[in-house]
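For reference, the structure I am asking about is given below.
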Amino acid sequence: MLEVKGLCKSFGGVAAVNTVDLSVDEGQIVSLIGPNGAGKTTTFAMVAGFVAPDAGSVTFEKQNITGFKPHRICDRGVVRTFQVTQPFATLSTLENIMVGAYHRTANRQAAEERARAVAEQVGMKALLDQAAEGLTVAGRKRLELARALATGPKLLLLDEVMAGLNPTEIDEIVTVIKGIRDSGVTIFLIEHVMKAVMNLSDFAYVLNDGVLIAAGTPTKIASDSNVIEAYLGHGAAERMTGEVAAGA
Amino acid sequence: MLEVKSLEAGYGLVQVLRGIDLNVNSGEIVAVLGSNGAGKSTLNNTISGLYKPFAGSIQFEGQEISGMASERIVEMGLVQVPEGRRVFPNLSVLENLEMGSYRRGKGNRAKNIEHILEIFPRLSARLKQLAGTLSGGEQQMVAIGRGLMAEPRLLILDEPSLGLSPLLVEQMFTLIKKINNDGLAIVLVEQNVVQSLAVADRAYVLENGEIALSGPASELIDDAQLKKSYLGI
Amino acid sequence: MTKKILKSGVSRRTFVAGTAASAAALAASNFGFPHIAKAAENVKIGLIHPATGFLAYPGGQLRYGAQLAIGDINKAGGIKSLAGAQIEALLGDSQTKPQIGAAEVEKMHEAGVHAISGCYQSAVGLAASAAAAKYNIPFSIDVGVSDKLVQRGLKNVFRMADGYGRIASAAATNLGAINKAAGSPAKTVAIVHEESEFGTGTAKLMNKYLSEQGFEVLETIKHANPTRNFDNIALRIKAMKADIVMPINYPGEYVLLARTLRQQKVDFAASYSVLGGGFNFKFVKDLPQIAENMIDVNHWYDPKSSAGRALRKRVEADGKFFTFEVYLAYLSIAFLADGFERAGSTDPAAVNEALKNSTLDPMFMPYGPTKMYDGQNIGSRAVAIQAQKGDVQIISPAEYASAKAVFPRSKA
Amino acid sequence: MLAMNISMMPAAVLNGLMFGAIYALVALGLTLIYGVLHIINFAHGAMLMLALYATFYLFKFAGIDPYLALIIVIPGSYIFGYALYRWGIGKLSHGKDQNILLITLGLSIIFENAAQFFFTADQQTISLSYSYDSFDLGFVYLSYPKVISFVASLVICLMLWWLMATTDLGKAIRAVAKERQGARLVGINVENIYAITYGIGIACLGAAGCLLLPSFYVDPYTGNIFVIVAFTIVVLGGMGSIVGALVGGFIIGITESLGGLFLGESLGQIGISLIFILILVFRPTGLFGAKQ
Amino acid sequence: MSLLKSRTGILVMIGIIVSLFVPVFVANKFYIDILSLILFSAFLGQSWNILGGYAGQFSFGGVIFFGTGAYASSILLTTFGIDPWIGIFAAIAAGALAGLFIGFISFRYGLRGSYFALITLAFSEVFRVIANSVEFTGGGVGIFIEHAPGIKNLQFTDPAGYYYMALVMVIISLAIAFWLERSRFGAYLIAIRENEDAAEALGVNAFRCKIYAIMITGAMGGAAGTFYAQKYLYIDPPIAYSIGMSVEMLLVTIVGGMGTVFGPLIGSFVLHTVNEVARHFIDTPGLSLIVYGVILVAIIGFLPNGLIGLFKSQKKQTGGKSDA
């Protein structure tokens, strides 16, 4: 449903993203991994309309959305979350989620109902009246997810929703993400937590220095020598393949 | 060398830490583990003098430091490398390092910078570059290097692996061990339980503002309670 | 809310007991002190001036002059036709804002004011006198150069001194006379004026009047308020070789321009300003070498009258400068007091009628007999004054001249 | 007319340059305070006014030449600014930007009216023996006060630049500007640095006061005359940039001068505002500001 | 929650009813005049609050809309003889258009925070200089409005007339703010204030929302301009585009409580009262304003979230800043 072709972006002469091609099929969970500064977030930002690409195209459901403003892309059903969480700090959790919910309805009552339902789905029911600035990191990450979900997206772009979470919290959010996928939302995520990547994704792309260096199923990626060299390191790769073996 | 006794602390009116007892001996790596919101950062910041404790005592090398201004604590040789690196983005790498020795003056500056560039050779080529333009891993190196410039005897590293790729995480832990080999005591505050315990001598597990577990790293790594409450296994 | 009556006639506390505009105070105002007990024997004159803000200096001078007059009248037995009623001043501060000036009128009205004198700034005067018109409160403009002040058909508004229209005309006539007496050395004029109504309006009139007097206006230069740097203007004047420099602006810019002309060594026959904001005793004293021989057409007292000289002495004994604000405020109060005296009543209509027919002898001013025409005293007159050897002399018209004009100026 | 304007251009540019140096000095304090403390110092004009009064009274009562007074007024202003921030603004603002804004606004009301109360509202000027001596360049006279203030402004900018670029204090100030927490953890007393920065900013105004008075005047409201110009320069040069403030001061001085020459001294003021808007729209980081 | 809401509602109704009868029971016209100034200032504060408090776009140029509105209706009146009842709608339109113009330029180029504040300051200077230099505004001479009391001319001999006019304006402004707090548009503005990027990601067209907000602000400011012109009968560029008035707008709002329905009203009430009381008790020029300044600093020092913090229980109100 999402096609990215030849996407390029440079900042101050340095290529952050260099001719990247990738695609996400409906109903899948696709991961984008790679070292820091590889251009993952920039890629997301271009897909979601926050950064205009220098070259290349972004097509969603066969329509060209390259260079559209974020809100128009959201209208089409593509919503991103932020790596560094961006809550509406003085608003309550409920009010935060309502901003997303308003995207589907102008009615306050309806927006509130929708927000409550989404909060339940991501496990934030108990936190509805708390000010967003008082949430823990885990809470904020969930809030990011909940707000995005409340807009009723077809494709969710999740930027490191697991960074800074402990293993228990990661397991919880993995369950939530799976649930979202099962409810019919396609998911494209950036993640460092390899355990989750292995566990969740149907397909993965690896970026390094702005260039795609590998693509394939997680298992295939974990054994890719390029990926191990540039990103995973041997230790992590061993652990991962071990985990996958154990998990399977 | 660091002795925390019955510490109660928090920020504003919110109490986060309850009755924390913790000690670090010279030359050790002590890991402080715990999930988000367990109080790790509050603990660091209280030790570093950013927050004033509500009650309890913090002694560093026999001297009471609770409630002392943060710059005095740095001067005494207790330095924190904060979570999220917090390098000075508008200063060059060199200037960042120089600022690390703000309290030490210019006496050993050149010598120490040389030493740090030995530890982090990657920074040599980037000395003139603004720290804000570095990659995350490089910024982490600057942050640690800046901390070392203060000639600490105890270094608190707050989540040094956060946001780094697995490869860099591995390198980071190797470096931490290397720095420790020079005789520097380190408090390693981490979520990355497995790798932290691999380098640490001893560890504390913080839960809901209290010490839930403590002991030698080698024992903790097999602890069932830790696995259950923290690793979720 | 307790109120204290001070012995002095000059107190704000005696005319509004409280302005705590809270709901409680409002309720109290209804039941407690709707109107302050009107001290039947006192005639209340409200003074509205910019006591704070960037015009606090002229505002303070005006207030001082008015209080001086009130003190004198009271000492001399008050308003005799009202059984020696004393005049009580109600002090108002416009804070340089029209809306505050108008609110002060309301406040004074509530305090039973019988007449008001003010307001310096034309914009405040316009708002305040219109507010006073609602109650027909006699309103004397002490200083306020806009001619609109007296041209709106308000029956309660009077002005003893000139507006800029009459002063512009006097300026041209006097310049013509001075020039002719010196053998007509000056032919060209450069006008430098500030951008608001005062400068713009006056400059426009000067263009007309000067050409009637046979002068050529080379350029009319408008400048902003504030202008920080006059170098360009000075160089311009220098380049066009104007014989007369004619500043029409406020004190800060007046002084800066005068200094810059000197620094850039601009040669001209005379600096001849109209209502020159900065031309006064203080300027002459502070910057004597610049002020020397500068000419201004302005409100001025009559140095030949003993009343004028005595007043100046008293003011200077108080450590104040004898600026036009002081004696115009004095005159304004004297004018109002005379109205009360002749009306024999504090009834607004009667007082306005008396003021309209005023024939007050303007004592220390170089004026003819007072004659009101649509609220404007057409007996008033502005004179040309010149700084000479650290003092200020009237140089034209001849009947009031205290010294001969130095024209063209002597070169330092 | 046009021919005359063009022939006057060199003189106008030079005049703009001279006056621009004073603007730069006023802007220097503002840009430093903005760049480090991230606050818009509404009390800036009032502080300049206080510096002018200080210079005036030193001259009037002690007969101290304004240029000599620099060595008294600059440290005095620094101490005043430091104390004001350390024990006033910093404590009362609770770190909220809009509150700092209003506190500095409140302070300006207090200072202006205190000045009226203690110094009266009279407009004060001083006259020096050499006020009207000047260098004759043929097409223009440059008065001694203007030349002195130009040179002094340059020297002060240079000293400040040196301080910021090479000393530990300067680096600490820059460090605090972007990363407070990090600064605390290397042992920088952030509150102290704030107060020092504010003090330095006010010291710049002290210098401006001494340099300005001989060719200007002072009353309780004079300072405001320079504030908008100073803001323009800060934006033009880039918030926090010292070189930017100097160059910006020159550009604005010249713009004002040429704008006055070609559009008239009233409409010409629009030139400053237009530059202001154009810079904000097309290069909000200013000419010398760091790129985002 | 509903109890609280309804209690607020009842209080507001009582407040409005009491306000309606104030001129009947308060004989002192000065109080009525000061009250209309307080209401006028509260209304201007509220207009600033829409853009500054709710949408978080801090402006130093609030006076632009006021001045533009004042000129619009005054020029229509003096040049074309169109009475101010129609003029006020022209003023509203002119204010909104000025908002559109400034908003388009500023937001189109993504100016935020202090950059936006400063560009509005610059625009207010541009407007002032232009008004000073062109003919149809009367240039520096300004515009005089004929003194012709009568309801047709929106001029009243009794201060109560202006009081009612200001009261109606304030009630409308409160209704607008109240509606904002309950509507999607308001939620979007608050979201933009808190985090524009995040709002955009959630499908909020931030540019358009901000434009609407500045147009509402502009429209309100325009109406205030007509009110002023008809009350004081004279405007010139320094009055129409005074920085002082821009400052007053943000002052009453921040002191009262930014981004709250009643903040501007409370701030205006308290600050004007403090000013009047200080003036009343202190005769010496300047000294009363020193006291005023000290009280202002003290209010900010001790109530960092504005006076409305005093009225709020622990219950956090929508859009209000809570204690961290």
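As written, the chain order gives the labels A, B, C, D and E, with residue 1 at the start of each chain.
The rule is short, and it goes like this: contacts are C-beta pairs under 8 Å (C-beta built on N, C-alpha and C of every residue); 3 or more make two chains touch, one makes a residue touch a chain.
Everything quoted here is computed from the prediction, not taken from an experiment.
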Treating subunit C as absent and keeping all other coordinates fixed, how do the remaining chains group by touch?
one piece
State which chains count as neighbours of subunit B and simultaneously of subunit D.
none
Moving only from a chain to one it touches, give the least number of moves from subunit B to subunit E.
2
Taking each chain's centre as the mean of its CA atoms, which one is most distant from subunit D?
A
Given the two chain pairs A-B and C-D, which is bridged by the higher number of C-beta pairs in contact?
C-D
Report the chain whose mean Cα position is at the greatest distance from that of subunit E.
B
For subunit B and subunit C, let me know how many angstrom lie between their CA-based centres, rounded off.
74
Please compute the C-alpha centroid of subunit A, do the same for subunit E, then give the distance between them in whole Å.
43
Just curious, how far off is subunit E from subunit C if you go by their C-alpha centres, in Å?
35
Would you please write down the residue numbers of subunit E that are in contact with two or more other chains?
129, 132, 140, 285-286, 289, 324
All chain pairs satisfying the touch rule are A-B, A-E, B-D, C-D, C-E, D-E
Contacting residues of subunit D [partner subunit E, same complex]:
34, 40, 91-94, 96, 98-99, 101-103, 105-110, 112-114, 116-117, 228, 231-232, 235, 239, 266-267, 269-270, 272-274, 276-277, 280-282, 284
Please give the residue numbers of subunit A that touch subunit E in the complex, ascending.
48, 50, 69-72, 74-75, 79-82, 86-92, 95, 98-100, 102-103, 106, 108, 111, 131, 133, 147-148, 150-151
Over in the complex, which subunit C residues touch subunit D? Could you list them?
52-54, 56-57, 59-60, 195, 221-224, 226-229, 231-233, 235-236, 239-240, 251-252, 255-256, 259, 262-265, 278, 282, 286-287, 289-290
In their complex, what parts of subunit E are in touch with subunit A?
182-184, 187-188, 190-191, 194-195, 197-207, 316, 318-322, 324
So in the complex, the part of subunit A that touches subunit B is made up of which residues?
34-37, 136-138, 160, 163-169, 171, 192, 194, 230-233, 235-236
